[in-house]
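First subunit A sits with subunit B, and in the next complex the same chain sits with subunit C.
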Partner chain A sequence: MEIKTEKRDNAQIILVSGMLDASNYQKFEEDISLLIQGGPDKIVFNLSNLEYMSSAGVRAFLKTNRTIKSKEGVMVFCCLKPFIKEVFEIAGLDVGFKIFADVESAVQFLDA
Partner chain B sequence: MSSTYTLATNASLKEISTIAEFITSSLTCSGVMEEIIFAIELAVDEITNNIMMYAYPAGEGTMKIMIDVSGTDISIEIRDQGKEFNPLLFPPPDISSNSDERKIGGLGIHMVRSIMDKVNYERRDGQNILKLNKSLSGTKP
Partner chain C sequence: MARRPPELIYSVDEKPSNVPLFLLGLQHVFIISISLIFPVVIVKTIGGSDADAMFMVSMGMLAAGLTTILQSYGKHGIGSGYLCPSLCGPSYLSSAVMAAQTGGLHLLYGMIFLSGIAESLLSRVITKLRVLFPAEVTGVVVTFVGIAVLPIAFPRFIGYNAETGFINTTDLFIAIVTLAIMISLNLYTKGKIKLYCVLIGMIFGYLLSAMLGILNYSHIERILDAPVLGFPDLSHFGLAFNITLLIPFLIAMICSTLKSIGDITTCQRANDLDWRRPDMKNLSDGILTDGLADVISGLLGTFSQSTSSSNIGLSIGTGATSRYIGYSIGIVLIILSCFPKLAMLFVIMPSPVMGAALLYTVCFMVMAGLQIIMSRMMDIRKTFVVGLSFLVGLSAMTPVFYSNVPEIIRPIFASTLSLATITVILLNLIMRVGIKSSKVLEINPKENNTQKIFDFMKIQGGIWGARPEIITRAMSAINEAVEAVSFTNPDINRMDVKVTFDELNLDADISYKGSPFEVQTSRPSEKLIEEDENAIADLASYMLNRYADKVSSQKKGDLSHIFIHFDH
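Entry: the complex of A and B
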């Protein structure tokens, strides 16, 4: 699992790569928490390079969402691979979160 | 015609990638489609994590994963010798509620039930035995 971040307009784009599972979700939560401290509170999770995610990853995103909400921020997702999209649907994340096909649409939504 | 693959391993987070590789290589050998391999990997990941947390809460134990692929379906049996633990007794999680308020317990087993066609639990000879079944001709992804 690897995390890279990029600021675009008023949004922070976080690119998550690799596998997100029970062996690394805590590290993921810590890293994300550091990244969003003091940064823009509009976050796009770009999952184009996320190959695998289990319920531990779902839990990590829900926890991250609580942190972002407490700063009155908002997080959205984009660029889900088919398997990740399926995990989102099974876990109900597709109901609670906005999901976009590409980064541009996600940033536009947050800028509106 | 059917093929059977078996892996005996420690119930440890360190083995997650070993287990994933075992599933991928076994099912690839049997010509199973990639999206089904991903789904099976996820189901076994969730079950083995439950074993680590609830069957062996005090530390490591061992577990055995058997995969049987026939022309029409995939059967998986996962055994451990830990504390009696039936994951099917988890109440279903509330996945419809607001995403930042919902409780998240039981999500793993909910995902397993969604992916697989059949999930059965049995306690026998001091072992937890979980059997998963996925039809290769079904409509589920």
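Entry: the complex of A and C
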């Protein structure tokens, strides 16, 4: 699993690639925590390259959201592949989080 | 309950109003009438009379009409219930010529009658032979029913004269314009014009043919000379039999049956958005009716009738798959069989118009076959089964390769369809050697197993020819089960995942030495998941339950089991 970041306007775009599962969710949580420490409070998770996510990955995003909310920040998702969209629906993440079709729409929402 | 595809204008159970019903039926009748050249070819080959030819053509219309109605019926075990018109079936052409040359037309009728009985009996056991007809076999057959029409369609399209070896450019021009009109109307129009695109194209083809002299007064004379009303001449009826022709006709029957399986499968698929696999009971009823069609054909004294791939392609291409159109077709054909004057309108159809209409419909058949092949996961075995069948089947387009094949098996090599069909069935059986219906994957839960599970399931899915969406759900479910167990039993270092597959079921039995697995039917709250890491196991169990069709757990001795089932 790989993480790349990019700044756009006032938002931090975090591109998550590969698989997010029980073997790497803790490292993911730690890496994201370091990224957002003292950093931007508007996060877009670009999941266009995320091939698979298990329940452990769901937990990682929920915990990350808790951390961002504690700093009064906002996180949204974009570019979900069909399987990841299904995982979000099963896990109920599509109710609590904003999901966008592309990065631009997500950034526009955060800027508004 | 079948889900109606949105692109259909009239689906299988919808009845068009009277005028579209008649016109749509007429459109199909034009395509069916193209196959009436087969009886004419047979009669001319044996030097028969015009009366013989007209009789076979009239009885061909009557047989096609009756069996199209029966096929549309779809109740009490008769018919598939789909718009699956019948016409003179190409599978029997070479064996039919053989029979007519050996013992005259009565022998032909008798052997077709016998083939019909054989096919009717075969229909009763077809469900048990499912292993012979996986998606790649029926898909190859359906593709080749389109390809097999080429030797009839293409020479007519390009105006090829076999005697001179030259192309008639006038014919080619008419064919191109006719085909262009059909395609343009389908692509760029909606509603009724799109529905009748083939009929409109054919009418333009007739008019253009008349303008350019392909249709001339001699054709009009034939219509004028034909009697208004015609009833069968009883001297034409009769059945004869010859045991030496049994093998070629049985081979032709198998090809025809497989083609009909492909045709009816295509109808099932075209009328159900959620189609996953052939409905075997429905297939059995459809094949029984196909067999009865030959029994009727033999008794009436005409060429073998079979489900029409071209017409199915037409129904898909126009979005009108209503079974009521089948009744309309049947009634029109039965009436035409009594009116030689009207029937003559079809008999004089210009060759380029025939060629254009056939090429149009063949496109849909070829695509339907390819879609059936690709609806399942492929592996290297299936690559060879499909690839070699295509190559060997296409080799029949060069008949000189097989000119010295023994007469008794020559029908197999006489057409791309029969050769591809026999090849794909044999290759499928051969390639099944060594395929196990179940496989075990050993896992150490302390390692990263996601990729290992995914690779295992992808390989097995390809070997089994499973549906890709089921394999995706299965690998996700198995991974969630493994992750859940590793959270609740952190000390175990071995789990066995046994996966079993047949055409209807995919099952996983995950066993380990540890505490029993709890199946969660409700999703743990977000708060719980955030605060308690162990709640991941509950979430994994819940997600597993959502992916699978059935989940259960059991403790047997010191082994705990998780049973995961998927309907395939």
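As a convention for this text, the second predicted complex is superposed on the first by the 112 of 112 C-alpha atoms of A that agree within 3 Å, B and C clash if a C-alpha of one lies under 4 Å from a C-alpha of the other, contacts with A are read in each partner's own complex, and residues count from 1 in each chain.
Quick note on the criterion: contacts are C-beta pairs under 8 Å (C-beta built on N, C-alpha and C of every residue); 3 or more make two chains touch, one makes a residue touch a chain.
Values in this document were obtained by computation on a predicted structure and should not be read as measured data.
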Record, for the superposition on subunit A, whether partners subunit B and subunit C clash or fit. clash
Using the superposition on chain A described above, determine whether A:Val58 touches subunit B (first), subunit C (second), both, or neither. both
I'd like to know which partner A:Phe97 touches here: subunit B for first, subunit C for second, both or neither. first
Between subunit B (first) and subunit C (second), which does A:Lys69 come into contact with in this model arrangement: first, second, both, or neither? first
Between 20-28, 182-190, 416-424 or 470-478, which subunit C stretch has C-alpha clashes with subunit B? 470-478
Footprint intersection on subunit A (subunit B / subunit C) at 21-23, 52, 54-56, 58-59, 62, 66, 83, 87, 90-92, 96
Residues of subunit A that touch subunit C when the two form their complex: 19, 21-24, 52, 54-56, 58-59, 62-63, 66, 83, 87, 90-92, 96
In the complex with subunit A, residue positions of subunit B that touch it: 13-14, 16-17, 20, 35, 38-39, 41-42, 45-46, 49, 52, 95-96, 98-100, 102, 104, 107-108, 110-111, 114-115, 141
Over in the complex, which subunit C residues touch subunit A? Could you list them? 447-451, 454, 472, 476, 479-480, 483-484, 486-487, 523, 526, 529-530, 533, 535-536, 539-540, 542-543, 546-547
Listed in rising order, the residues of subunit A that touch subunit B in the complex are 21-23, 52, 54-56, 58-59, 62, 65-66, 69, 82-83, 86-87, 90-93, 95-97
